[in-house]
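These notes are about the structure you will find just below.
Every chain is named by a letter (A, B, C and D) in the order it is written, and numbering of its residues begins at 1.
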Amino acid sequence: MAKLGVGVLGVGTMGKQHAQNIRRLIPEARLVAIADADLKRAQQVASELEIEHAYGSVEALVERRDIQAVVVVTPAKFHSAAMRVCTQAGKDIFCEKPFTLTVEEADELLDLTAKAGVRVQVGHVRRYDPPNVKAKQRIEAGEIGDPVIFKSLARDPAPPPVSYMASGVNGMFFALFNDIDTALLNMKFSRGTLGAVENYMQSGYGYDVRTEIVGSKGTIITGYLQQTAEVVLTATGAKTDIVDHFLVRFAEGYLNEMRDFVQTVLADREPKVDAFDGRQAVAVAAAAERSYRDGRAVAVANRARSSRAA
Amino acid sequence: MAKLGVGVLGVGTMGKQHAQNIRRLIPEARLVAIADADLKRAQQVASELEIEHAYGSVEALVERRDIQAVVVVTPAKFHSAAMRVCTQAGKDIFCEKPFTLTVEEADELLDLTAKAGVRVQVGHVRRYDPPNVKAKQRIEAGEIGDPVIFKSLARDPAPPPVSYMASGVNGMFFALFNDIDTALLNMKFSRGTLGAVENYMQSGYGYDVRTEIVGSKGTIITGYLQQTAEVVLTATGAKTDIVDHFLVRFAEGYLNEMRDFVQTVLADREPKVDAFDGRQAVAVAAAAERSYRDGRAVAVANRARSSRAA
Amino acid sequence: MAKLGVGVLGVGTMGKQHAQNIRRLIPEARLVAIADADLKRAQQVASELEIEHAYGSVEALVERRDIQAVVVVTPAKFHSAAMRVCTQAGKDIFCEKPFTLTVEEADELLDLTAKAGVRVQVGHVRRYDPPNVKAKQRIEAGEIGDPVIFKSLARDPAPPPVSYMASGVNGMFFALFNDIDTALLNMKFSRGTLGAVENYMQSGYGYDVRTEIVGSKGTIITGYLQQTAEVVLTATGAKTDIVDHFLVRFAEGYLNEMRDFVQTVLADREPKVDAFDGRQAVAVAAAAERSYRDGRAVAVANRARSSRAA
Amino acid sequence: MAKLGVGVLGVGTMGKQHAQNIRRLIPEARLVAIADADLKRAQQVASELEIEHAYGSVEALVERRDIQAVVVVTPAKFHSAAMRVCTQAGKDIFCEKPFTLTVEEADELLDLTAKAGVRVQVGHVRRYDPPNVKAKQRIEAGEIGDPVIFKSLARDPAPPPVSYMASGVNGMFFALFNDIDTALLNMKFSRGTLGAVENYMQSGYGYDVRTEIVGSKGTIITGYLQQTAEVVLTATGAKTDIVDHFLVRFAEGYLNEMRDFVQTVLADREPKVDAFDGRQAVAVAAAAERSYRDGRAVAVANRARSSRAA
């Protein structure tokens, strides 16, 4: 079977993980080359992963004929430009979240990639996280009835450096609010379900991501705190450790996600999480920001779902 | 030591529990009489608890000289009138939440009882719930740093009958909204802490009350799901039961609360949870209702803390 | 309804708990008097529980006509003598475990009480502990198939004083072995089920009692570690407290057990846990001791189940 | 850096997992060839893992000069013969447990490999399982004081086919007892620590491996039941799934173990778990069998620890 030739653009913590997964654990893909604005870093990661080619720009990367798909893991503010270059070169795209920094950018890219017939998958790792996948199956099977409330919390152990937040890499809240590391958001979905989301960037205790879907007949809770299956009992009580990093918490999800992208491209299918989904997430974040600034409920700017040109 | 003579007004589920605790488990008190608008019910409970006196009205109850304190557990819409009668008779008062149905009523009662020198404790069982008590101690000791987010959820297994909700017994949301059994509320406290509260009246699976206090150095989670310490492992997975009733979940809290009321009156102290606290809870609920109707953030109507007249 | 008149003999930690339960929480019984070799202690507990009569001997206690049943909670080495006095006086008996110190004593008492038609219930609190009760129901309903292995562990936070152990109060191991505070015991039941029991007297961390019944189709685990429903998350991990005392762990069991005894006597029924069951436990402990001394498997000395004389 | 050339002998479930780990996840090693008595299976696995060479015998495998180490994962009854061939060829050896079927075989191999200067590591995955590794560190750091009791249970969801058990692959109990799938074993270590081990081959609910080390100052519990971090709450209670396979439970342990073997050979170090350790496990199993047959305590046949010849 022909393998999918893949290039990875941006090999910080997240990009390197994607590159490793492609290199070691997805036999259907061949990691052809790595690119990073920091060429030395690209070369270093290429050497660690025992592959030959490293570049300092997306332009150099997309010149390679043996690359059919590019995984974009740059800082968020460069996503848009990088995807334009990939689109022009006819490469299929996997782009880490957030898809773009503004709804306008997102809409332009949606149109552009659809017109060019380029496939775009956006990274939403929870769609591939086993407990969340199972929860979705149960909901679809009716185990908890109709969803009534969706609750989510995401806590990082410590805030990233200012430089990182300035890069807009981790979503709207940091890109737009700058000074905000704690956010509560209530939502009402068009079908009536309520939503409540919490983000906190300095939990102090670990990396904690939990979801709760409350339904008319039951509730599903996903997520976990304990990393190592060890409980210590002493005179001071019972204690366990706590997951400390998102790459630990979502290790399986990231692998499943990238494997699905590779298989999707090879099978010439539509992505499960496409540019439209990425655009909607950006629209929600933008609405949340406006709601915060105006102190009132704000409607999310919608558009009709578009699909990749034939 | 002289015992505190207590009368209980209203012996539905909650009132009967208070009466039992006073009768059996608080030796410093003597349950003198029970009153209920339904005289037969009053007599029935009196008989079960092996006490002599049962009445059909608060007026009859407060005539007894050997009663120094009245526990008001009527439907919420009668709280205000009942407390007026008790105040007039010079009886100290324990009133179940909600204190009143409106802020105006609450303010009037605050003034009235203060002027009469009548002691008022309002029922807020979580203040006496062991995990919440411990959490408070930890927070005061600085274990989790400064509180950043307060989260709370309360889920009942099934909604109460319409008659019950019409009585306004269970707080603002039901008294005012009538048709609402699901509510999400975000708050911002004056010290900057954020709050997120969920109420859901038909979980389908059990009685579930959990709290999470997120601080700058750590987080405390209180509450539990499992009622019986038994895990069953079979081919379909691991399963446990779930707490099914608020009297199970808060059994210890209700006892601690009533014991504290009795000891507070006997020792001639100020209540830990007084009429002012009860009034503030009413004000928050009223603001939540307005916010819901207007689709915007609403400030809580505050007043200065008043204390019982000397 | 006539109440059962009860006397409690021996009011150390355990006896006082039984006395309190009878006095406060079992309306079908009337706690008439307390006796203790230490008369002052008997008087002190009587005063705390607001009852009139306190005695310094079982002989004085059983003279009372208004006492129909005696709860024996003396040190274990006095159980046998106390039960003889009660039997002679025609009082029904609740005796804390261990029933006696030797199989011979147990057999004599079995015969004696059967002949006298005196009802004997032996304290085995786990039979009344909610998770264990539920487990039994499930097993009988076939939920885990045929029992294959029974596992049990019991850990005390710290060993009792030497004086206590010398009194033989807590069972065979301490009475007979003296110097032993850690024991592992494997058993084979006549129906083929295997058993493994652990006892450890100085866990250092708390009071920990767990049971695991492994069946041909599933397993049931009972017991719990956490006392307060509070989890604290900080940079050092997640921590909870641990149950610290057997009266906390088995509070509900002790109440259920005594209530069942009272109801059993009032209804003139056979006890659920009778002298024969108590005798069998003594026989197992004696066999365990012999096995330990001889380094080989030892058969338990059985006798046919006898029932109370008509 | 030169990579370690490795051949894998035996690619059933376990052998294939080792081969995959070497091929994909241990960059310091190169998987050169696979051998299996079933040549077709060897070829199939070689093809899946994208390597060139597949053989039908250990003799063919060890002829390759580019193989420095052989991973032996045959049925247990062939371990001994396979290791003799590897030793003769001067290859370092990783052998899955059990090391051999008898103490005599083990002793011969110990002498033989020591004389030949061949390095032998025996597979004991729990030494590399993160919770067990952490537990060992804590014990060595004195966190729980002196170990008093070691408890272990291992439950398989369903017994393997008879052919598998006849092959002696999974240790003494099955090889020797044949008809036994449930075993309880008590031990006393020379330092005084007690041990209690349970093995059960048909739990019906999942793959469950737990350990408890009870110390003079605290206790450590390792192991877990839940595979997917999802809790479902419905009217029938709370439920989770359960780990179903040893390759899931010990995925990380198997990888850590093989990586350590590769690094040990490359660094010319002594293995952490060597032939002597493997021999001791065989001796314990043999003693357990004798104890079972004779109904009495049996001493383990010891020998002095030997090390690899210089």
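Things worth noting here:
Criterion: contacts are C-beta pairs under 8 Å (C-beta built on N, C-alpha and C of every residue); 3 or more make two chains touch, one makes a residue touch a chain.
Everything numeric in this text was worked out from a predicted model, so none of it was measured.
Fitting chain A to chain B on Cα positions gives a rotation angle of 180°, stated in steps of 5. Distance between Cα centroids is largest for the pairing of chain B with D.
Distance from the chain C centre to the chain D centre is 44 Å, each centre being the mean of its Cα atoms. Computed centre separation for the pair chain B/chain D is 58 angstrom, with centres defined by C-alpha atoms.
One simple way to say how far apart two chains are is to compare their mean CA positions; for chain A and chain D this gives 38 Å. Counting partner chains per residue, chain A shows two or more touched chains at residues 144, 203-205, 208, 217-219, 233-235. Interface residues of chain C, counted against chain D in their complex, comprise 144-145, 148-149, 151, 155, 182, 184, 186, 194, 196, 198, 200, 202-205, 208, 214-219, 295-297. By the touch criterion given at the top, residues 203-206, 208, 225-226, 233-242 of chain D touch chain B in their complex. Contact residues of chain B toward chain C in the complex are 24-25, 27, 50, 130-131, 134-135, 138, 143-144, 217-224, 228-235.
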